[in-house]
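Scroll down for the structure; my scribbles are underneath it.
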Amino acid sequence: MHKTAARADNIFILLWEVNFLFIKRTDLALEARELFEESGASLPGGIRSREYRQGMADVTCIDVCSEEGARALGKACGTYVTVSLPELWMRDSDSVFTTAQTLARELRPLLPENGAVLVVGLGNRFITPDAVGPLCTEHVIVTRHLLEQMPDEFGGLRPVCALTAGVLGLTGIETAEIVRGVVQRVHPSAVIAVDALASRSASRLCRAFQMSDTGVTPGSGVFNARATLDSKSLGVPVVAIGVPTVVDALTLTADTLELAGQALPENPRLRERENLMVTPKDIDALVQKSAKVIGYAVNLALQGDLTAAEMEQFLS
Amino acid sequence: MHKTAARADNIFILLWEVNFLFIKRTDLALEARELFEESGASLPGGIRSREYRQGMADVTCIDVCSEEGARALGKACGTYVTVSLPELWMRDSDSVFTTAQTLARELRPLLPENGAVLVVGLGNRFITPDAVGPLCTEHVIVTRHLLEQMPDEFGGLRPVCALTAGVLGLTGIETAEIVRGVVQRVHPSAVIAVDALASRSASRLCRAFQMSDTGVTPGSGVFNARATLDSKSLGVPVVAIGVPTVVDALTLTADTLELAGQALPENPRLRERENLMVTPKDIDALVQKSAKVIGYAVNLALQGDLTAAEMEQFLS
Amino acid sequence: MHKTAARADNIFILLWEVNFLFIKRTDLALEARELFEESGASLPGGIRSREYRQGMADVTCIDVCSEEGARALGKACGTYVTVSLPELWMRDSDSVFTTAQTLARELRPLLPENGAVLVVGLGNRFITPDAVGPLCTEHVIVTRHLLEQMPDEFGGLRPVCALTAGVLGLTGIETAEIVRGVVQRVHPSAVIAVDALASRSASRLCRAFQMSDTGVTPGSGVFNARATLDSKSLGVPVVAIGVPTVVDALTLTADTLELAGQALPENPRLRERENLMVTPKDIDALVQKSAKVIGYAVNLALQGDLTAAEMEQFLS
Amino acid sequence: MHKTAARADNIFILLWEVNFLFIKRTDLALEARELFEESGASLPGGIRSREYRQGMADVTCIDVCSEEGARALGKACGTYVTVSLPELWMRDSDSVFTTAQTLARELRPLLPENGAVLVVGLGNRFITPDAVGPLCTEHVIVTRHLLEQMPDEFGGLRPVCALTAGVLGLTGIETAEIVRGVVQRVHPSAVIAVDALASRSASRLCRAFQMSDTGVTPGSGVFNARATLDSKSLGVPVVAIGVPTVVDALTLTADTLELAGQALPENPRLRERENLMVTPKDIDALVQKSAKVIGYAVNLALQGDLTAAEMEQFLS
């Protein structure tokens, strides 16, 4: 379907975007580019990327620098860094700390060097694959109150605070409103927003960590401009960290058909797939592990090179 | 693929069964029959079925009475009753109790009229869609100890006890071994085994409750004969109650291709789908609700017509 | 010890207050008055109270109308309504809804008649007896976003939003700061703050629900003026609802000695009691039930007379 | 009260025992001896003890070798080893692993050198301070099924299986019955039973780990001979491991009065304390940590000297 679109003029490009968004949903810039390329169209100017290896991880860094590029990928202008881990990382216990070190190395350059940081856990604590954000804040070393109460004892630390903002359906308040209210009182130098993402590919679930300086739209796919958390809406830089935990069932279906060289048929039985998600069978454990590794990475990026034991001590 | 098989002789039937098991996995007798019929083959003798409506529910009752029929459906000889609920049931709060009444009416004839009953919750409490069994036992009215300690006060009740047996990976013991050990000490007149199932169709997830008098194989698909819980292995009748909470990602993929008139292609990218499951987006809440409705149905089937308030009182 | 103080002049009154706070800690105005009376001193002017029965509950209404009265009880000026339930309520399942109706009747007059309401769950979700507030918000019917999105369909409802603000140790931000930030964006007509309390008496645990129009100090006993949630700090009326879930071990100790006619001895072994709390053995279940009854009472006070079934439907 | 008893003849000794059990409840042999000594009576023969230091821990080893000694302490004949940790251990993150090593050194001599071991987690998962046993089994490395399926790969390991048996109120079956049923099928060389205990002293909560070769009575204090898990009832050695998580409120009260030189007064207000327990304010976290340290100690005692990383790897 989007193959047709790729050959098309402006009107079809619009159509293509619509189809693209619904049929192959992804929150990863890496995959948005991949899907565009698979469509056979050539990427517009203003999209630069480079890849390198860091330890066991493959790092892909995509800079979206033009409005045309942003439109093509459906991604705001800015830098998207994806750290892709080997499958092994999920089973190897040493790797939480070393993986966090890898993420921290990519995260640090996206953050301001000084000043307080507010970490916001986005998503719904009561829906397993959406709980990465709320669970992550439990692993963040919170220091702001300690520095206010005992500045001498904790002098070496950077002030960090954390918020689990809930979701619109449970609070009745746009997450962005809550965060904005808190930012206006706390005046951090930056916000780090942690969220679960959707991927188009099962092989990236709980393995591809994306960090970007572009902010984030909680519950993305809904496309409600008011809800975006970015430097424009919050008045401070917003760094987003996320990891895909689900593939949309319709995306998987579209992928399947493509492998078979078919278009998505019009069939009422596909309707019932709209409320379905695809996850690894051990998603409960993987979400816990992913949340921990992001929390640790935030700590290492903000507080310098803590040892594993120092980290545990702060968090126990 | 299985369409070819369906036209085949004995050897191919075997092949077909193998493909069937891996490509379209289901634990529902209703769907096993459906898949067989879709294959174009005619059902062997010894499979009888009837359908009727009970309140909002469609009830399908399949009797497998011959070895040939059992082989065709991949299901042991016995009676399989499936109560299919409208989608509405998941959102309507009144319906937990009324749905339990519907299930209880079908469950009662499968159980012996008198004697103690042991309810076993199968599955892994720590994996959301597998937790129906363990969660269900929390809603079962347990009376055996009360009747032993205060026979006069609780004289009207039937003795019921409950066990959450864990899973092999967490206990190191076959579930069937644990249950057998407990049965040999408690001597119930029947065992009710509650488990989460797999369906081939998204539209049956958390909506099609299957009850059968044939026992159950925990973690089915593994096909380890020692592990089956049935009257042969336990020495007492075993009634199984289950509800599908997942579709295998490969099953969904096969279904997709069939809709498009294609066979499943040989593609390495399909490999990565083997560890994936497809669930509704609100699976956390639906598993809780399904576990509760089964627990209530067990109570109504065993203790007679309790009111909703009496039920709550016993369980609070 | 406080008996001595009660006979004393101003300086001793101060001492008495200090001892009172540390030795017999309570968050209930009812008990503060009781302790004062037990001390043998006569209550200052400006404290009025009346008692009446409502269904199974005893209701005590204390108005603190003078600064002198406020100082004597260690409670801000305002109205404190305590609904005391019979022990039976904890075991009787019908009673969640009927108890909520009783609470709602007392709560309604404390609230403004119109306008949006923000419900804030105070306390630490990860500490069982402190989790009443966070758990309560799960039972509040949240409507604000529905009214904004579909004003016609939900026209009969009052706009309600809810926030679980976390605790200073986990967020690094004073709870009052977070709430203030959200209030400034949401502009509710009132805030309802739900919190777990401390009682001086075991017999009131999970049975005496206090509602007041005076606001609340999260983690009270710390007495940090910045942290208070009241109409002064938030700019809108703050109604507090709480229920005691713990008795301080030192309070229990002091009570014991008083029964024996003794003062609290100076003994190093008493030091180790400072980090102890006294709770009912079934505190896990009682906290769940108390949170539910408060949430239901809030719904009934704000949305008018919903039936039990309507309530469940909104919350499922 | 028991002071009187201590001066008394046989009849009074009986009385004393009754009072002792109700007024100062403890599951620790260490404290039973302490209480006896505090009573002023001299210990009967057949109770030997020695103390030594192991790292940061104080180890007390009490051998009860005579029926008279057993009656005096209210403890079965056998060896009771208590490892008392400094308060620091609860806050220091390194210490889970090193503490487990300390416990393992004392645990190993109580266990048979070879053969399969069944670890049983006793207690109620849904009551925070009673959940040590069920939580502990999550940290036990379970190998029995791996050794059966892949004997060559896991040849170096000792077969271990684990069971969470529930509690009588939730299962309707005596825990001892369930364990006996499983033992008769699994035939372990020993059972390790993990349980939460009651202490008479707040300073030992979550800090004094008791190991004994005498078995255990789940829900002790009830004194129901059928319910005991020991070598007599199970046919194999039973090693009990426990840690106190609560002090009975009446025990604390009695202790208070003793400090003040008073007897326990007859007062109806003391009745209401019978359903109360005293716990540390951070009991939720301490129970998690205690369960983990016991699980790790079991692993080290059974599987030899695993490193911390190897342990995590088995458990992830």
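Note that the chains are named A, B, C and D in the order they appear, and that numbering of residues resets to 1 at the start of each chain.
Following the convention adopted for this analysis, a contact is a pair of C-beta atoms (placed from the backbone, for glycine too) under 8 Å apart; a residue touches a chain by one contact, two chains touch by 3 or more.
No experiment lies behind these values; they were computed from the predicted model shown.
Common neighbours of chain A and chain C, listed by label, are B, D. It takes 180 degrees of rotation, in steps of 5, to superpose the Cα atoms of chain A onto those of chain D. Among the other chains, C has the CA centre that is most remote from the centre of chain B. Rounded to whole angstrom, the centroid-to-centroid distance between chain B and chain C, based on C-alpha atoms, equals 46 Å.
Centres computed as Cα averages put chain A at a distance of 37 Å from chain B.
Each of the following residues of chain D touches two or more other chains: 285. In terms of which chains touch, the assembly is arranged so that all chains touch all other chains. The part of chain C that touches chain B in the complex is made up of residues 91-94, 285, 289, 309, 312-313, 315-316. By the touch criterion stated above, chain A contacts chain C in their complex at residues 137-138, 142-146, 159-164, 166, 168-174, 177-178, 180-186. Only residues 126-128, 202-203, 247, 249, 252-253, 255-257, 259-260, 262, 265, 267, 269-270, 272-273, 275-285 of chain D touch chain C when the two sit together in their complex.
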